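Have a look at this one.
We just call them A, B, C, D and E in the order they show up, numbering each chain from 1.
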Amino acid sequence: MSLQDVDRSILANGGVKAEEYLQRAGAKLRQWLSRYGLLAAFLVFWQAASSGGWINPAVFPPIDAILSAMWRGVFGGALLDDIAISLQRSGLAFVAAVLVAIPLGLFMGQVRPIEQALDPILQLFRQTSALALYPVFILLLGLGEASKVFVIFWATLFPLLLNTISGVKEVDSKLIEMARVYGASRSTVFRRVVLPGAVPSIFVGLRLSATTALLLLIASEMIGANKGVGFQVMNAQYNFQIPLMFAAIFILAGLGLIANYALVFAQRRLCRWSDVSI
Amino acid sequence: AAQSPDQVTLRYLASHGSISAHEFASELGYFDGLGVKLENVGYASGGPESLFGLASGSVDIGSAATPAVINSIASGNDFVAAYPTNGINEEVKSIFYVLEDSPIKSIEDIAGKTIAVNTLGAHLDYAIREALQSKGLPQNAANLVTVPGPQLEQTLRSKQVDIAAVGYWQATFNGQIVDHGGVRAIFDDTDVLGEIAGGFAVLRRDFVEEHPEAARNFVEQSARAADWSRENPEEARALLAKILDKRGENGALAKHWTGFGLRPGARATERDLDFWIGVLEREGSLPQGKFKASDLLLRTTASAAAN
Amino acid sequence: MEDVQTLQKGEIALRDLSKSFQIGGRSLRVLKNVNLDIRSGECLAIVGASGSGKTTLLRILAGLEAADAGKVLIDNEPVTGVGNERAVIFQEPRLLPWQTVLENVAFGLEVRGGHARHARERARHYISLVGLAEFADAYPKQLSGGMAQRVGIARALTVQPEILLLDEPFGALDAMTKLTMQDELERIWREENVTMVLVTHDLEEAVYLADRVLVLPKNKDGNPKIIEIDLARPRNRSEPGFVQYRKDLLREFGLH
Amino acid sequence: MSLQDVDRSILANGGVKAEEYLQRAGAKLRQWLSRYGLLAAFLVFWQAASSGGWINPAVFPPIDAILSAMWRGVFGGALLDDIAISLQRSGLAFVAAVLVAIPLGLFMGQVRPIEQALDPILQLFRQTSALALYPVFILLLGLGEASKVFVIFWATLFPLLLNTISGVKEVDSKLIEMARVYGASRSTVFRRVVLPGAVPSIFVGLRLSATTALLLLIASEMIGANKGVGFQVMNAQYNFQIPLMFAAIFILAGLGLIANYALVFAQRRLCRWSDVSI
Amino acid sequence: MEDVQTLQKGEIALRDLSKSFQIGGRSLRVLKNVNLDIRSGECLAIVGASGSGKTTLLRILAGLEAADAGKVLIDNEPVTGVGNERAVIFQEPRLLPWQTVLENVAFGLEVRGGHARHARERARHYISLVGLAEFADAYPKQLSGGMAQRVGIARALTVQPEILLLDEPFGALDAMTKLTMQDELERIWREENVTMVLVTHDLEEAVYLADRVLVLPKNKDGNPKIIEIDLARPRNRSEPGFVQYRKDLLREFGLH
């Protein structure tokens, strides 16, 4: 028995035969199926149900009709503008929410009096619907981009804020004590202990908020807009252009999925330490 | 009311602060003894929600603006347009307002201005396009933004838009704006579109086939109620106030109501639909020549006779 | 004890056990071809330098870690995971912070389907045994380091396993408490015929409690060594034989 | 010096003089101010701005007008029905979301293959707007209660699900190992280790979901409803009853605040262990 | 050493220190009227039974816990919180799981505003000193119990404090590593004139390192006792004086 044999692990990379390639492809396929099988099945079922007439194809158009509407919209260029302006609105709101919620959450989670003072009013705000308050926002911010971005920001703020506060509170107090003993300033404790410790929770908040930012496009582009993916959803619905409506919804969902997996990926990169031994 | 053995109940969605001819007919008792009964199952906040309800079988009467009706049928729903629920004429029209001190005086001035409309791709949108075209301006010369009815006045007065287009069906909002004063009308949609229907009540074709009598009575009595309201506008407003109060809404708003804007007998013309079929075909959302107005309209003995 | 050995279960056999870890792209070999038979009812101590693989070996015995090669047999059955005949005292206390001392100690018995009231009763017994009767209702946050460790010990004893795996159980205890606990452990071992594998840094403890001591080598090419402790029980820490064994072990570590 | 003096703490409860009462009242007041001062200031500012005419009172009616509309609605009984039906809708949706999201989240957080299989489709669903899909839900579920509850459920599910999954993943794996060593079955590990460990995160999810359930009332009662607080918000807006609209919004916010603080309280009770030494 | 004492800082005075905890509605008195002067540059060991209040006392010195009554003076200044002249080696390693060994060790110096590159360099020095040079890039999850503890030690040494508070620093180390570490610690203490307060369960360690040993009493009404270790350094563990001190201490614990 020998211990502590520190040797470089050598990647065995000999000639791979055709069989092996096949086997590997099979394994890849199985893996893909176990991940995306359900999703694929859902889409196949939809297509079959719609074109087979089990569900009303006027309300649930077949996937191919949706895709062709999307294709025409995107490559005809019509929807590209919508996507650009919507991304700008959501992006601004999301960035603003991040810039407000994370520092505020870090503070509120750490400093009890601040939390006590801010909590009631923030909770009240949280409970008021951005949708219902839209007239109020228009009054204060006008019909332009500001009110749209603000409506989205408003709804996007709270999932992130709540998750950040909770994440901060769950950080191991022993580590904070350790940092304090070594003379870390409050901001250093935040940066080096509290923030990394709250990362998983903050990322849940980020993922919820990113989704909210995109979903709120529909509500915020209901007023004072003539462009945007959310506008297209409601406008297509109003004019009963269902494939176009679904195309716009799918585009929103696609953007949401991209944002979600980008955040999941970012979290994995940041938290590589947590599965170093795998 | 006499209960005939084949009583048919038609479910429908009401709309905030407004009324349809069939609701009047029901309230006036026109359906009594004809085996037709209406049932309000809730509200729709504009848009074609009722068409989805109709497709799902949750309601039996849908109603929506003409392009939505055409699209819903074109996309495979087996619907028929029963009768026009509203439209524009000399009494009922959509008006384009500006603030009193605005430099905008006529259609020529609207180029480059911001106009609030309730939705794009529909009646007001095309009224503006026609207006611009009639003056030799490009159709997209004005900047349209969507603003729901309740916020129209607010956005005009706070100068967030230059022009507020108040739809002919938004009588209460129109009344409020006029009451509060300080605004000026620059043109209306009849100037450019002439008389045309704006939206239709829609029935499912299988429903019509199953209950032809009820469908015919529904259309005839609704038309009769529309005629009554045109001939007795004061009584109609009083009745509307009563209905609104009964529904728990604001009956005081009934005084703004101007009528349905329908032809006598709630008659539909081919142009009511063909105008929109043309628009949709030009936009490419309808295949060329596939739909004709006559395919979409419900033919009852009454409406056939009126044609 | 020899006479009951055949009736008793808890025999462990390690066959060609190897284990490596990946650290920063490098492979670190921790165990290499370990072969060992642990007799039923025996007390085996494992000593070795920090990082020599003691905990890793114990985790493999517990079924918490899979070996890269080789296998572990318990009563001739290969170990594939955790098992109710084994209990572990971890190097850290691992107490549930949301449960009181009593609930933590009863936990092991309760999750095995034991009757809750009975589990609590037995838990109380072992809590007294480790000297924490007064703290039965305290939460882990309210305990000192050594107290928490004793709760972990009580929890393992409460389930009365056939095989007890102990990872430095008395490391955080003061001299006096440690001696008391060692005597208690020996008594339990004797009375209940439990097979014990005891990882320890305290060589005196190893000589006092173990039948045999496994010394894991510090340098990677060394071989593990087994030292048989041939002293009558109860052992006396100051008798010359005892002192000699302790010296021998120290020499294994390169001391004196 | 004596150690381990275990003595019953005696509550010193002698005669308290008038001054002391005053002092205590002062301290209470200060405490109240530091908690609710900001909120009170906000309401006072609103009232002043509105009745002073700094902001358009047609859009921001003064607080007293709102309160009197609320008073009339609630004590006239008109709004009570609305509250009852809305609570029923939100309550059903919330309970359904809890019953689905927590077990599903516990599973997905613990069992990797299940997470891998369900994640893509759930993420897709999460990114699709309940608001936009409402008409589609009507087709599947009709215009009645089912579709309203489902729309709320749909939006309520995901904050809870994501927080539960993340909470489960953050549970100290050493404790799970410990439980497994003692022969705990998977369900026991869930119940006694994973669930209590994920409580803080689950409660964030519950609080976000409870708010969502109430806010979605407005969207869900926009179609096919003639009762409900959310319905009243929109109905009042269309009928120029702005104080009533705000009254309905405030009632929604109030219900949300109650739900929020009830959950905060419940969490504190459940997690008493975490501040035993305070 | 006596000659530099006046120049040096790190003098600690405890005045009438008392501390109680609430456990389940009961009040548990842990420290009662502790008075003690710790001389600058002195090494004071604290021994006592598990739960006798050693960690609590150390935490009060560190400024992490407020005493119920009495005060702590450092260089005649009352202690109100943590301070840069002190560093603590906790009873648990308390490593940041998201940082490597190197980053963890450099942490203390970095947060004090030290130059990052300089901090890393000094960190590497102390990492080698505790024998973990090969593991500088490993994460805490990849360390054994004793290795993690040594990282904690390295972190505290890296900041070169005037006062070093150590809570059972070598508890999880094997005999050999422990001896090496003790010698290193003594060398650092001597060379850097640091004042040390060392909580330990290892009485031999106390006698080997300390100028004086404070024995906290086990029963609640006893008084703490101070034993002066009057042996020349470097000390020899087998010389009779040493053995005698160890015996004396054991007797304090009621042993032998």
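Keep in mind that, in the parts below, contacts are C-beta pairs under 8 Å (C-beta built on N, C-alpha and C of every residue); 3 or more make two chains touch, one makes a residue touch a chain.
Heads up on the chains, UniProt names are A, D = ABC transporter permease; C, E = ABC transporter ATP-binding protein.
In this text the structure is predicted, and so the values were computed from the model without any measurement.
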item: Neighbouring chains shared between chain D and chain E, ordered by label; value: A, C
item: Top chain pair, ranked by number of contacting C-beta pairs; value: A-D
item: Centre distance in Å when chain C and chain E are each reduced to the mean of their C-alpha atoms; value: 28
item: Approximate Å spacing (C-alpha centroids) for the pair chain A, chain C; value: 47
item: Two or more partner chains touched - positions in chain C; value: 21, 23, 51-52, 92, 142, 218
item: Multi-chain contact sites of chain D, meaning residues that touch two or more partners; value: 6, 56, 59, 135-136, 139-140, 234, 237, 276-277
item: Chain B residues counted as touching two or more neighbouring chains; value: 48, 52, 55-56, 150, 154, 158
item: Touch list for chain D against partner chain C, complex; value: 6, 174-175, 177-185, 188, 192-193, 196-197, 271, 273-274, 276-277
item: Partner chain B, residues of chain A touching it in the complex; value: 56-59, 61, 134-135, 138-139, 142-144, 222-226, 231, 234-235, 237-243
item: Residues on chain B engaged by chain A in the complex (per definition of touch); value: 46-48, 51-52, 55-56, 64-65, 67-69, 71-72, 75-77, 116, 119-122, 143-148, 150-151, 154-155, 158, 160-161, 285
item: Footprint of chain E on chain C - complex, ascending; value: 21, 23-24, 47-52, 54-55, 91-92, 135, 137-138, 142-147, 150, 167-168, 171-179, 201-203, 218, 250, 253-255
item: Residues on chain A engaged by chain D in the complex (per definition of touch); value: 34-39, 42, 55-56, 59-60, 113, 116-121, 123-124, 126-129, 131-133, 135-136, 139-140, 158-159, 162-163, 166, 169-170, 200-201, 203-204, 207-208, 211, 214-215, 218-219, 233-234, 237, 245, 249, 252-257, 260-261
